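Before any comments, here is the structure.
When the chains are written out, they are named A, B, C and D in that same order, and each has its own residue count from 1.
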Amino acid sequence: MDDFSMLPVAADDDHFHEECGVFGVFDHPDAAALTALGLHALQHRGQEAAGIASYDGRQFAIERHIGLVGDTFTRKAVIDRLPGSRAIGHNRYSTTGGAGLRNIQPMFAEFVGGGFAVAHNGNLTNAATLKRELQRRGSLFQSTSDTETIIHLIATSNHGRLLDRFVDAIRRIEGAYSLVALSEKKMIGCRDPLGVRPLVLGRLDSAYILASETCALDIIGASYVRDVKPGEMLIINEKGIESIFPFEQSRSRFCIFEYVYFARPDSSVDGRGVYAVRKQIGAELARESGIDADIIVPVPDSGVPAAIGYAEASGIPFDLGIIRNHYVGRTFIEPTDAIRHMGVKLKHNANSAVLKGKRVVLVDDSIVRGTTSMKIVQMVRDAGASEVHMRIASPPTTDSCFYGVDTPEKSKLIAAQMSVDEIANYIRADSLAFVSIDGLYRAVGEAKRNGSAPQFCDACFTGEYPTRLTDHEERGKVQVLSRLAEAS
Amino acid sequence: MDDFSMLPVAADDDHFHEECGVFGVFDHPDAAALTALGLHALQHRGQEAAGIASYDGRQFAIERHIGLVGDTFTRKAVIDRLPGSRAIGHNRYSTTGGAGLRNIQPMFAEFVGGGFAVAHNGNLTNAATLKRELQRRGSLFQSTSDTETIIHLIATSNHGRLLDRFVDAIRRIEGAYSLVALSEKKMIGCRDPLGVRPLVLGRLDSAYILASETCALDIIGASYVRDVKPGEMLIINEKGIESIFPFEQSRSRFCIFEYVYFARPDSSVDGRGVYAVRKQIGAELARESGIDADIIVPVPDSGVPAAIGYAEASGIPFDLGIIRNHYVGRTFIEPTDAIRHMGVKLKHNANSAVLKGKRVVLVDDSIVRGTTSMKIVQMVRDAGASEVHMRIASPPTTDSCFYGVDTPEKSKLIAAQMSVDEIANYIRADSLAFVSIDGLYRAVGEAKRNGSAPQFCDACFTGEYPTRLTDHEERGKVQVLSRLAEAS
Amino acid sequence: MDDFSMLPVAADDDHFHEECGVFGVFDHPDAAALTALGLHALQHRGQEAAGIASYDGRQFAIERHIGLVGDTFTRKAVIDRLPGSRAIGHNRYSTTGGAGLRNIQPMFAEFVGGGFAVAHNGNLTNAATLKRELQRRGSLFQSTSDTETIIHLIATSNHGRLLDRFVDAIRRIEGAYSLVALSEKKMIGCRDPLGVRPLVLGRLDSAYILASETCALDIIGASYVRDVKPGEMLIINEKGIESIFPFEQSRSRFCIFEYVYFARPDSSVDGRGVYAVRKQIGAELARESGIDADIIVPVPDSGVPAAIGYAEASGIPFDLGIIRNHYVGRTFIEPTDAIRHMGVKLKHNANSAVLKGKRVVLVDDSIVRGTTSMKIVQMVRDAGASEVHMRIASPPTTDSCFYGVDTPEKSKLIAAQMSVDEIANYIRADSLAFVSIDGLYRAVGEAKRNGSAPQFCDACFTGEYPTRLTDHEERGKVQVLSRLAEAS
Amino acid sequence: MDDFSMLPVAADDDHFHEECGVFGVFDHPDAAALTALGLHALQHRGQEAAGIASYDGRQFAIERHIGLVGDTFTRKAVIDRLPGSRAIGHNRYSTTGGAGLRNIQPMFAEFVGGGFAVAHNGNLTNAATLKRELQRRGSLFQSTSDTETIIHLIATSNHGRLLDRFVDAIRRIEGAYSLVALSEKKMIGCRDPLGVRPLVLGRLDSAYILASETCALDIIGASYVRDVKPGEMLIINEKGIESIFPFEQSRSRFCIFEYVYFARPDSSVDGRGVYAVRKQIGAELARESGIDADIIVPVPDSGVPAAIGYAEASGIPFDLGIIRNHYVGRTFIEPTDAIRHMGVKLKHNANSAVLKGKRVVLVDDSIVRGTTSMKIVQMVRDAGASEVHMRIASPPTTDSCFYGVDTPEKSKLIAAQMSVDEIANYIRADSLAFVSIDGLYRAVGEAKRNGSAPQFCDACFTGEYPTRLTDHEERGKVQVLSRLAEAS
């Protein structure tokens, strides 16, 4: 189908995918343009669609478009339709609600008390349950996004002031979320009580900035102030900034996978530099499962920092044995089986001159389904490698994520179905090792995982979910499918 | 502006404009294609946008597009996205809600009990007042269309079954409306208690058809069954058709202007052939204000039937002294004053050979602002006419319409500001006459207007509105502007 | 296919089609905008594509687009890309060269001596023969349009000055053409020696205007100066206008079908008012083949003037028994046989109230294939007419046109295959009559057709072609198909 | 301007740009799809536009589109419009002829003897001179591309057979070119006598493949057969492959800059692996101008192989101190000065955690204008580096290229205007060194540059051009500007 060719290439089909990035600017004359730049820096967190809402003191304006930020928000006409000194924005990979335009964030609502735009990164684990209740009392849903659930909770709250209604609403939601919102008076940034998803505060001259990662501060030259705390709500208005904690206090459970793959290597999230953590995971890997070899070759680009760390720790040379095509960005049609089977080369090509006759350690960040790993091992072998050893910079991913990450069902996760030896066999590697869960915790600076009170959310490796999964438990009882076919 | 060039030409800026046409099909394999054809036949009732919703027994699908029906709904891909044997559709001229895509009908909502699509022709006179109440209790509005008000009334009704909720909802609305709706089980057609706007029932094989005018039955070869009655609700399901009257009984007040201009001449509305009525108005004009002349010339195309009727009644020859360009459909840019002033010739050109040296009676259907009439009189005079007498096939339009017709404010209506003599002077006609209100009533078959209980809605000629104008009276108290800028 | 839906509706598939209109402006600051307006007035001569070339004293600019003039040339951005005080333009129905963008006129070439743009209305009867010769000596053709042949003849002429080369070139071409050309110094207008196609000269202030018909002068307020004469070449430059006659003198053979159907009724072509001629044909028809009836009904819109003439001459009332849908402009998809068979109603609907129980004389301008006539007769009968008599305002069309008119092959022309009685039977009319060839000549003001030296080109009625048909005679020997597939 | 946002980002404005890549397939059922894949692998050689011509045994088809290969040629509808088992394709960065659609290759011509499509990588140094001659004898040029000159030379050749005409034509052209052509019988591949630009031959099953680089063979799984030799013409038809040498023999002068920057690192060009050469240049740099430092940081991505080579040779750790945003691909609008000055961060961000307090050696492939280097040095310093030393993997670029590479005028080349010390000062580096010309020759395997008969074309470093520069010498006498404004 033609439309499929508009989606980001399936080359990353063997990764988990972060579902969203958020950004906000309060009090800067170029608010929408800065937001576009911030979203561009956060593009890795969501490539399917992007949206920006701005407020000019009189009206809100919203632009939401399928595609990369740079496909649309580089046009002057689009930015000109987003006037005002306040703006929030959102990148989306995909959501629970399907790919339709009506699900792109930010979402906007008109309350009796004024307009309100909101965007969030994460996933509510009781959205369907709440939606069913709201519909029963007469709320009409326009999208299948769980963000809209928050809006209806605000609209139907018994409280008076908008801020009180908002607090009332988020107290009723469960799950992981870092959200930014814009009312006619305020910009709000908020993290869930466990702080699963990241959110940082920055400043650019007199403006306040909210962003999922620090790399989005860097692109606009903003300075990093601090991370928003788990359970904290920052309320920014013309007079300044206020911090409240509307929830009972919890221990932080930041998503450890942000360090493994999601965050950009030049970002600092939850107080740690991502690149340094990844190199350290590589070093842990070398220590835990080192092997005699001639070269360390990263699977580009996500495996590069861990491969450098592995090479440094092992003393084996680092080399680019696989070259990435920078222009991959669209799927190609595949008219025959012959062409279909060459899939992986659209993204990567083996650098035969480097690989020929060598014992190769391939370093990748994770294995989800195993299909890409199998093709890459084969490609490296076809290019003349005498041995191919795979080292993975995360523990086996055995469980699905319910906190805003696009993961296959558990039955599709290879590590949920096979032992490490079986996986090695399946991908035809001469050897395979994953970093241990304690090795991963060491790489982020902990002594080891605290089994009784884990310092991070690591549910995808351990199956220990830090919140209730209300909708998941009620599955079957809750109708979540839309009765309206998605427009293409 | 570029976008403006996409709108229908301003050539008709001197007419009232019908705001909508509706159509529905229940139980035909080509439901969406037939609806597209029906809307095409009703294109004169609304040229700005068109939409179709269909239901295939499992899901609803909606396509809504700016432009003519034929611009989009001629494409197989669009029709293929509208599967199912049931469909409703809508043409729009413009609405109270602005030109944005989110205001195009049909509107769709998901109730606890199932999906529901609705489209209407008309205008609610208490929509803003109801909206304010609904917002206070937590309803979120996504559009500025008053159709959405009906949907929220259904959603928040205390009744159980969808049909009961629907009846409950329409009992609360005031104004003029002919609406078609589609639930998962039923198609519903309904006219307001006064039957201001038209709606007819037809059959095509086993399928039921609803349409604003009979010309939309003709195009698909459907037979005319009857007009839906004022205050009647037709409920069509797989078992057949049912008629209920949910309102207290009222006397019919059908819009008399449908005969003057809105309806297509080959349609029969409210039981009378439109072409015959228009010829009869021309005959009344000849009787009331005949004048010695050489030729009767219609202002094409709306003046043609009345001109033929005038010519027959007067015995003066009918001739095409003004030729219409069939390809007018877009505004042209106007880079200089010289070009701007030639405006009217884009649509019409004088046929000098016919007009030279002649005493001309020009026949038009109505005068709204007078600017077009002035240009046409001048054009005919420039082409050599020795005298130009204007005869108008409606009484002077002195008052705005609040029932779904796009009319200028009263202050812009020339007949509200000037006497007939002053208008004649303004448009530089040698003489000017309008048909009398009783002459118009005679043309539709009445002896005369019944002043104490008028047989039709003729508010635009008399200022006597047959319903309350709640929002209009509350103006200032009700906030109707959106806080969200319309996307282009 | 989707693309087909972009073409003008097949509703006129039962007419001959004029292939082109041309227009030119020399020395007006709004040259391109005026040309767009002129082409809009000439839209009836070609609806498939339009193009404008302008010259600003330094460079030429060209815009060529599929669709109506108003689809593209209403946009300011397009007009702004056509700077300069000189411009020529062209409307196309279709050409010998297929529908591709590369065949849209004006065509442009860069000679050693400067740039040159040219557009023509007509058809060369020796283009393929000349193209073969030119290709042999090394000329490369970029299009399949015969206009390009003229350009290559100029490029390869042995003469020195561009004007001499141009005269040299057109002396080698045969057929019918009215062309406008723009060099860096001059605008040129030229009619073929027989003057088959029309071309008029006008003035707007100090600017000279060239146009296919006078209606294109009217739209911009230009005054009519005179018709360009058969075989005349007008050369317009900054100093004024010059007339030369580069051919041997011939007798005029203007296309009589321009009066029957092609030209707009408000135009005057070759010195006669088109509307008056058409009414006169109707009067001739009434005299030649009058019949007792109740009403005279035109097939809209082309049959209207003849019907009025017939009604006046016969004393039988004129009435609109068939209503045309103004919004027809695109073909509709036809998913089932049922829908396919309703074809004609997209364009026309019978006005039953007028037709019921009446003896009807239907007046149309011509019959080409007979299929539309058959449907219309049936539609009128279905609407209740008791008798249907068809009267045609032209003689039977028995032969194809090779002079720039899109006609079916002779074998598809019903009048080449059947007698009048057989046609009457085929279309199921109670009676059928065509105007006689002498009746047609009388309507244009001649006593009768001069059989030994006909005053007009009437080859489509008589088979007597006024020029050689070189390519047609050489058919089989000349390769005219392109080796390049047309892009859609 | 909106349109500008469609061009590849200016982020590479500080590099030379290869102007083209070519690809061809003879005798494979998926010829067009394979060509699209091949062009995708060659995307680095030209990002502005792409085109494919195919031949199905009956007709040629061409698709030419602005943008990346993946923007258009991923669509099934586009590939389906390119039927046949033979195809050639072309990527373009930009050409001498401007950015218009009419200049996109392949170009197509219809000769008396049949159709012919051709695409080339390189630049003719006597194209304008030949064009002037051809125009004088009557040839009409449709584009401003020098490829069209070749076509006219074929069309006007005195020889009989197409192949003889082609040989006749290329004997008259001067400059650098690797071209692929498709006639109705043959596919032809040809390199200029000096072999300046690359071209390789491959096989996929029974099909022959031609490609600019081996990476385009890899993507489709084709095997590498050999490089086409300088001055060689390969003629491929149904019977097999033939090699002829139509020129006098010359010594090879392959472009040495292909190793420095143009070719993809996983390609092998002119017999040498590109990645290995680049690492070797880094090693030469470390030897020639090593300096005491803490980390070696590549400017991504082009500096990575040389940086790895430098790090290995020097023993200093390699680290990713600069992170590249993978989603750069469009320019962003820049509404204020503040935003304009942040330019470089759209593409790169400093990895502060790695750089803080370190003595950094930055390795880049070349310096053209110096503006990007200055910004990167500053960015690294702002991130906390204590020293920043720049090492460049090519000699100073002092002269423009006339062989198909987009280079600034000599006056804009910083190395033509400043000494190395001055450049170091300008870019504010603590030290700066370029590899020596002999160091570069050593990296490609030569002992040193042979001054009297250089083994490569290195004119951009030395000013010694291996061919005549006819047009350049005649500049002023030859009119190369078009008289037709480019359509956008």
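Convention: a residue touches a chain if its C-beta (ideal position, glycine included) is under 8 Å from a C-beta of that chain, and two chains touch if they have at least 3 such contacts.
Just so it is clear, the model here is predicted, and its values are computed rather than measured.
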Steps needed, at minimum, to go from subunit A to subunit D via contacts: 1
Separation of the C-alpha centres, subunit A versus subunit B, in whole Å, is 51
Which whole number of Å gives the spacing of the CA centres of subunit A and subunit C? 62
What whole-number Å value describes the gap between the mean CA coordinates of subunit B and subunit C? 36
Where subunit D touches two or more other chains, by residue: none
Quick one: which chain pairs are touching? A-B, A-D, B-C, C-D
Can you check the complex and tell me which residues of subunit D touch subunit C? 59-63, 81, 108-112, 114-115, 132, 135-142, 151-152, 155-157, 184, 482-485, 487-488
Inside the complex, what are the residues of subunit D that reach subunit A? 1-2, 5, 29-30, 33-34, 36-37, 40-41, 43-44, 47, 68-71, 73-77, 79, 215, 218-221, 264-266, 268, 273, 275-276, 301, 304-305, 308, 312, 317-320, 323, 325-336, 338-339, 342, 345-346, 349-354
